[in-house]
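Going by the order they are written in, the chains are A, B, C, D, E and F; count residues from 1 in each one.
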Amino acid sequence: MGNTDGFQPVSGFDLPRFAGVPTFMRLPLMGLSDPRLAQVDVGFLGLPWDAGTTNRPGPRHGPRQVRDLSTMIRAQHGVSGVRPFDLVNCADLGDVPPNPADLQDSMSRITAAVSQVRQARVLPVAVGGDHLCSLPVLRAVATDGPVGLVHFDSHTDLFHSYFGGSLYTHGTPFRRAIEEGLLDPARMVQIGIRGTAYDSEDREFAADQGVRIITIEEFFDRGVADVMAEARRIVGQGPTYVTYDIDFVDPAFAPGTGTPEVGGPTSFQALQVVRELRGVNIVGADLVEVSPPFDNAGGTAFLAASILFEMLCVIAPRLAAAKAD
Amino acid sequence: MGNTDGFQPVSGFDLPRFAGVPTFMRLPLMGLSDPRLAQVDVGFLGLPWDAGTTNRPGPRHGPRQVRDLSTMIRAQHGVSGVRPFDLVNCADLGDVPPNPADLQDSMSRITAAVSQVRQARVLPVAVGGDHLCSLPVLRAVATDGPVGLVHFDSHTDLFHSYFGGSLYTHGTPFRRAIEEGLLDPARMVQIGIRGTAYDSEDREFAADQGVRIITIEEFFDRGVADVMAEARRIVGQGPTYVTYDIDFVDPAFAPGTGTPEVGGPTSFQALQVVRELRGVNIVGADLVEVSPPFDNAGGTAFLAASILFEMLCVIAPRLAAAKAD
Amino acid sequence: MGNTDGFQPVSGFDLPRFAGVPTFMRLPLMGLSDPRLAQVDVGFLGLPWDAGTTNRPGPRHGPRQVRDLSTMIRAQHGVSGVRPFDLVNCADLGDVPPNPADLQDSMSRITAAVSQVRQARVLPVAVGGDHLCSLPVLRAVATDGPVGLVHFDSHTDLFHSYFGGSLYTHGTPFRRAIEEGLLDPARMVQIGIRGTAYDSEDREFAADQGVRIITIEEFFDRGVADVMAEARRIVGQGPTYVTYDIDFVDPAFAPGTGTPEVGGPTSFQALQVVRELRGVNIVGADLVEVSPPFDNAGGTAFLAASILFEMLCVIAPRLAAAKAD
Amino acid sequence: MGNTDGFQPVSGFDLPRFAGVPTFMRLPLMGLSDPRLAQVDVGFLGLPWDAGTTNRPGPRHGPRQVRDLSTMIRAQHGVSGVRPFDLVNCADLGDVPPNPADLQDSMSRITAAVSQVRQARVLPVAVGGDHLCSLPVLRAVATDGPVGLVHFDSHTDLFHSYFGGSLYTHGTPFRRAIEEGLLDPARMVQIGIRGTAYDSEDREFAADQGVRIITIEEFFDRGVADVMAEARRIVGQGPTYVTYDIDFVDPAFAPGTGTPEVGGPTSFQALQVVRELRGVNIVGADLVEVSPPFDNAGGTAFLAASILFEMLCVIAPRLAAAKAD
Amino acid sequence: MGNTDGFQPVSGFDLPRFAGVPTFMRLPLMGLSDPRLAQVDVGFLGLPWDAGTTNRPGPRHGPRQVRDLSTMIRAQHGVSGVRPFDLVNCADLGDVPPNPADLQDSMSRITAAVSQVRQARVLPVAVGGDHLCSLPVLRAVATDGPVGLVHFDSHTDLFHSYFGGSLYTHGTPFRRAIEEGLLDPARMVQIGIRGTAYDSEDREFAADQGVRIITIEEFFDRGVADVMAEARRIVGQGPTYVTYDIDFVDPAFAPGTGTPEVGGPTSFQALQVVRELRGVNIVGADLVEVSPPFDNAGGTAFLAASILFEMLCVIAPRLAAAKAD
Amino acid sequence: MGNTDGFQPVSGFDLPRFAGVPTFMRLPLMGLSDPRLAQVDVGFLGLPWDAGTTNRPGPRHGPRQVRDLSTMIRAQHGVSGVRPFDLVNCADLGDVPPNPADLQDSMSRITAAVSQVRQARVLPVAVGGDHLCSLPVLRAVATDGPVGLVHFDSHTDLFHSYFGGSLYTHGTPFRRAIEEGLLDPARMVQIGIRGTAYDSEDREFAADQGVRIITIEEFFDRGVADVMAEARRIVGQGPTYVTYDIDFVDPAFAPGTGTPEVGGPTSFQALQVVRELRGVNIVGADLVEVSPPFDNAGGTAFLAASILFEMLCVIAPRLAAAKAD
């Protein structure tokens, strides 16, 4: 597999970063019916939808702002020297249109779009949107049986229901995903959990199911390398999904989110944890809960774009190697 | 009817305006089961709910910010000298708790709360929330047959449906209200309509039904006094509901809203139109679409509070006179 | 001439307004080498460049933010009912890449791009960028002799030079354009001029050349209709360029600009003046000086988008009629 | 009297407006003991003090921000062509240092500083600070008997006391000034009064004293020219002080203030009313209540600077003529 | 002692967090004359007052914003599992009304209110307001002799006077408290001190008195656990007051304050230090200097609410145990 | 050498920090032709110029905002107790006026101004402006041969050219400086380098030249003390220039900059690295890339001022000692 010139991001030397219609990392934009889709290896897909949000809305505006700030991403990783766009063909696959008035319909649309992406043998990287978006993505990803999960977040999102029985909110997606057989609890790890709690219902469920929770206290005590080594052991070599809630990061570094929890990691650690996913068999990923109305000057969206590039630099070499075989 | 000392707003001379837990106009806060409710004449009710919003969310945060800025309202009208709190007993009746995950349930809760308010013979003034909130309020208000409507807005909100059939959004409430027999189209007037349009479906529906639309061009040509005289003629002396979308006002004066339209009235005219409702038989009112995430320094919420006070100064004298009979 | 389905903007009923990669008015995006260019009648072209700015920079970010807010524009004019996208084929032609390090090269690139647009028989509507951008556009537009100019602005931009001899800044473009024979001074009108002045050099030059200046005092005294009737008489039926500096509008309505002048028109008047250009033989237009760093919540960019739509509703019927002949 | 080169503001052609330490209108900065003071005709004096503020603080930061934005003022009036810096010598006299912990001491300091300014035969133009600042200025100005007052504001500031007897707040200065014999009530006019009221105490006091109040309703009904003609008649040719509370202007145009009242004049009218003071025997002036924490992007401070320049263009010609005699 | 249902915070499952009039942690609001006060164990009291501020004002708005953001606090501690509202009865006791025009009167009012709280055997937790507020609180708390002090701050607040002799500013409260015999210097520890200094006067006073100062350099060198173990030794088991100036935390995590000092702890450490107060005999506490005008999107207020909850989780178990005896 | 009273900063006890025209650290302001210049030891010089910026402009406004926030700096270092203003005479030397329309002329002006400063035997500390400003400063500093460089930054700024051959942008200054013989590559160290890269061209150039690059990963691994010991070894005792790009610091601590890179040091480390420069033979320094349009509430400018004070506390003792010899 080689790369196609058409899949290189526009360079800031050719078109200044403030110019041009912004796509994810300045990649070519193509719809799901575009014939070039067949050549794509990794596709970024926007999920501008936040109907699962129970407090402060805004993530529906996330994909647009992440695209805007992602124009500041360049082509080469600063530490590893990886040049992902030379290794695999990447594209911006646009946004899945939600139905603001119908939650179930919106979820169906996401599942359908991601299914189409995967049928084209494109690895999906979704950009939310709130965390409920992960559920319909997983429905399209876990088609051959439950997958493993590396989950960065300050919340477990494992609650049963909200507001007198509502099963689908941004606090419940992974409970649903386990119940639906999309996730293998024994191959799940949640990292960064903190903040005040309603009660222990979510943690008891996790304990019952065998989901491993690494609180922020444990995270800081052990350090990134040790924690992530355990995470890699937990998911092993089976197919694994990575979900990254931007509220994993401390709100000083990522203020633009609806349900912040103080006392979190720095932006350096925010990147490190992703870098430590090297070797994991990632079959899909998402980054969610960027909320532009709370994101002064776009810093949270830029951090999100930096995390997405870090993800890509973990995914691309493995994908390129696999295809080379 | 006299007034009860307990219903006077806290004065800024006693408690500085920045101090204290903010209620609407610093009135006493009471739940719907509070025994004092029987003494209340006009009740402000928060509707923190925006599930009907089709673009930029935020009005769910409206009631809280309007309460905050309403602490700057004093006890006497600057022009007429009306002192509404001396004429009628007013109170903050708190917020109706929406169900963020269930639109129909949320509407039912609003209807139930307003019904309870009206059963206590309290005139409801609702503070949204998005414009879909007006529909469940009207269901509780129009219990004795269709009512008239004075509607300040830049949009007609008379569309049939959105997004492939969704009947309940903030672009459809008055279409539904007409269909449900809550409004008498012949006694409806919409003032300030402007902005780009999807098509003419809403205006054709209005024309068919006999709803009078006064565009912003006509409004500026004729002036406030002439337009409002016509509005009073249209609604006559029958029971009338007043609904005020803050996007009626030009976004320079009211930036904090989700669907602004440029080219609107000033804040002076925003108050004038309400003042010209004197003599109208108002049975309920609302002010909607204040969206704090877009409201730098609270100016829109302060304008909203000023409009609400203007409404009160129209409602209170008539109510006091009626009770005196 | 009919319209092609492919040139319709995406409707907010199909794709919510917060979703999708934003193009001008949600029109199809195409490069200048796209074969579809031959079908286009009106092309929006971004000029993200502000090297001519002498005080507060920022307009380089203008096209991106105008695109974002223009997603709130719908397909039909609210007053006239004109549906421009049914009359002519419109497209977003992307941005001209400036050279941030070379002013003359940047101007050459703009002239080249607009020339290419015009050779494809597409009417260019440019979105700046600062006001110096108008000069290279005019070089591409006035290829058959000097054109007339309707110029909305708070400044004349007729100065000779800045900073000890600099000929090319955003305060000099129309002086240069007259000198270069691109504009016919006798067919030029500048509307809205106000604010403190360095001296009278610009006004004396205007008087010498026969350029008509209508100050804001005269504008308010006479009213929009009378002023614009004179403007139409001045430019007559010859080819005319329209240039709109957003600082024409009062900074309460358009804070997002680098050189505001208080005491300007409202947003309603901002649209009216464009509407009154009906019948003018417009061969090109621009809207400049939107500066996102000063534009809280995007209100200025939304006003800019509304003005651009108003321009389009003046241009499209005449163009459609001309082609129908 | 001629002007001294040393008193010209720095031109934006020599030093870009964003460069340099900002002084009022880029004038020379000099302390009150500077020997050049003897040459000064009009002196701008900062009063960074807001201990009289009863609600939202911030005007203490006003002088600094007004200086910053006043760098955008140029040397010539756009309408009249007056070049004030060619007519009289102007200077920035720095700030009077308040004592944040002692209100009476702060007032004494202001009176002392303004007295020193006047002894040097410099006409003082003060920049607040909150409106209580006007009182100590008046104590230094009205040394030869009560003066007349033209007062632009949305509030009368004529209350007796606040908070159980506090005599010195920003709601009481002109009551105190009348009591102290600094103002002649028969030569006082208050323009723009509006907003909700505590009660009628202030208006009754005004009526008793013969102070003329022109409400905003009367202002809009009669128009600027008619109202200001009356204002000129009221103050006549006796010595007159001009006080301008920025909350006179509608908060859409001047959001940066602590006690806004909606429904006010535009920025165009904000300048017009000052322009109509031509011929008035102004012996001192102030502009107060600019509050930077509420002034997004500095628009209010720029309006304030524009008003100050307008004041200067009224003061300078008369002063130059008087001196020429 | 059991808990009373009436003292449970409103759950986000019942009333969404954006709804309802915000009280501290959604607890019941009651005035000091409310008969329920007798049942309260811990009372949150707002002190909206900043007359002691020597630079940038704003903390007067602090209690209101902390209440707003505290609606995001849930019922259970994430690490320890402590559920404070199940252990003790908590309430929001409203705000003490300051007299903006009289500093000494304001201090008297605070002392009186806290005395009343303590007479009802309620442990007071005050929310400022600026740091001078701690002095009148201490006057009500140290009624049985001097108490110990754990003081988190970037400044010592031990200066003698400001501005030529002013004894009461936010830089002097603990000097006064020692002089008045309210604090036992030998049982005082100040943690986090940093930033530029006027001189060494405060530190020399501390050294003379035996007050222990732990600079931020020592804090980072030794780590939280070691430093806090020393703090616990210093205050021992005697009655101890805890005062927390939000500017203890680095301004990246807590920008909303008037006198920030860079180079401070993270938000994680901000919580840790409180958690390490377990076992201390806390008789009162405060959190001060949250300044909403500088707090974009409320992050500082949310951190403050998180710290208050952390305090409560230290106070409640000890109080419950003591009462159980 | 003693200090002159006239060179002491104005104390916040005499003039509150919010009052007065702000100069760097409230030092006396003097032009380069001021006779007092001969007495100055260290001069702060503003370089309000950003024509080298390739993406988001704004640093032209940097010097003004740094001056404003530097009013919060006091006279004594909190850790070392150094009182720099007692050791050396410091002054604010104003701004070098750039020519916004001519990059080469602007660079010449900076070089000329710094040369004049150095001829007066004043050590220059420049405040940008963008990073290209360092080049003309170095041209004035390295007059006796190449100097060493301690360079704090997230970018190497060692690129050859941008945009098809532009040699002078904020990404190229140190490449030019090496080529021009202004810097000794063997005595250069760059600290904090991180972020995505265009390619490896800059790093290869560094390697070829012998420039030492310490990435952020190495920085965090080794710690400040170890890294800075190496830095001191690299530059040795030869004349050394210190350049500090504020984007060295993590954007959570320094959001106000145009090209942020996440994953950087804290504000504590930002000061530490400077403190570790003790003993270095500093002959000039700068701090660049503070961009006010992105600096909410001035936090970045305050950090910049704190870093400048830290620099001064390293420079002053050495300078005083040298002069004492």
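Quick note on the criterion: a contact is a pair of C-beta atoms (placed from the backbone, for glycine too) under 8 Å apart; a residue touches a chain by one contact, two chains touch by 3 or more.
Here is each chain with its UniProt name: A, B, C, D, E, F = Agmatinase.
If you're wondering where the values come from, they're calculated on a predicted model, not measured in any experiment.
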item: Common touching chains of chain F (Agmatinase) and chain A (Agmatinase); value: C, E
item: Repeat of interface A-F, chosen from C-F, D-E or A-E - more than half of residue-number contact pairs shared; value: A-E
item: Chain at maximum distance from chain C (Agmatinase), centres defined as averaged CA atoms; value: E
item: Of E-F and D-F, pair with higher C-beta contact tally; value: E-F
item: Centre distance in Å when chain B (Agmatinase) and chain D (Agmatinase) are each reduced to the mean of their C-alpha atoms; value: 39
item: Rounded Å distance between chain C (Agmatinase) and chain E (Agmatinase), as computed from the means of their C-alpha atoms; value: 56
item: Interface hub residues of chain D (Agmatinase), defined as touching at least two other chains; value: 16, 18, 54, 56, 60-61, 100, 162-164, 250, 252, 266, 294, 296
item: Chains that touch, pairwise; value: A-B, A-C, A-E, A-F, B-C, B-D, B-E, C-D, C-F, D-E, D-F, E-F
item: For the chain C (Agmatinase) and chain B (Agmatinase) complex, residues of the former touching the latter; value: 11-14, 16-18, 72-79, 81, 250, 252-253, 266-268, 270-271, 296-297, 299, 302-303, 306, 309
item: Interfacial residue positions of chain D (Agmatinase) with respect to chain E (Agmatinase) in the complex; value: 50-54, 56-58, 60-61, 99-103, 162-164, 166, 168-169, 293-294
item: In the complex, chain B (Agmatinase) residues that touch chain C (Agmatinase); value: 54-56, 162-164, 193-200, 215-217, 220, 250-252, 255-256, 259-264, 266, 294, 296
item: Sites on chain F (Agmatinase) touched by chain D (Agmatinase) in the complex; value: 14-16, 18-23, 29, 46, 48, 60-61, 63-64, 67-68, 92, 94-98, 100
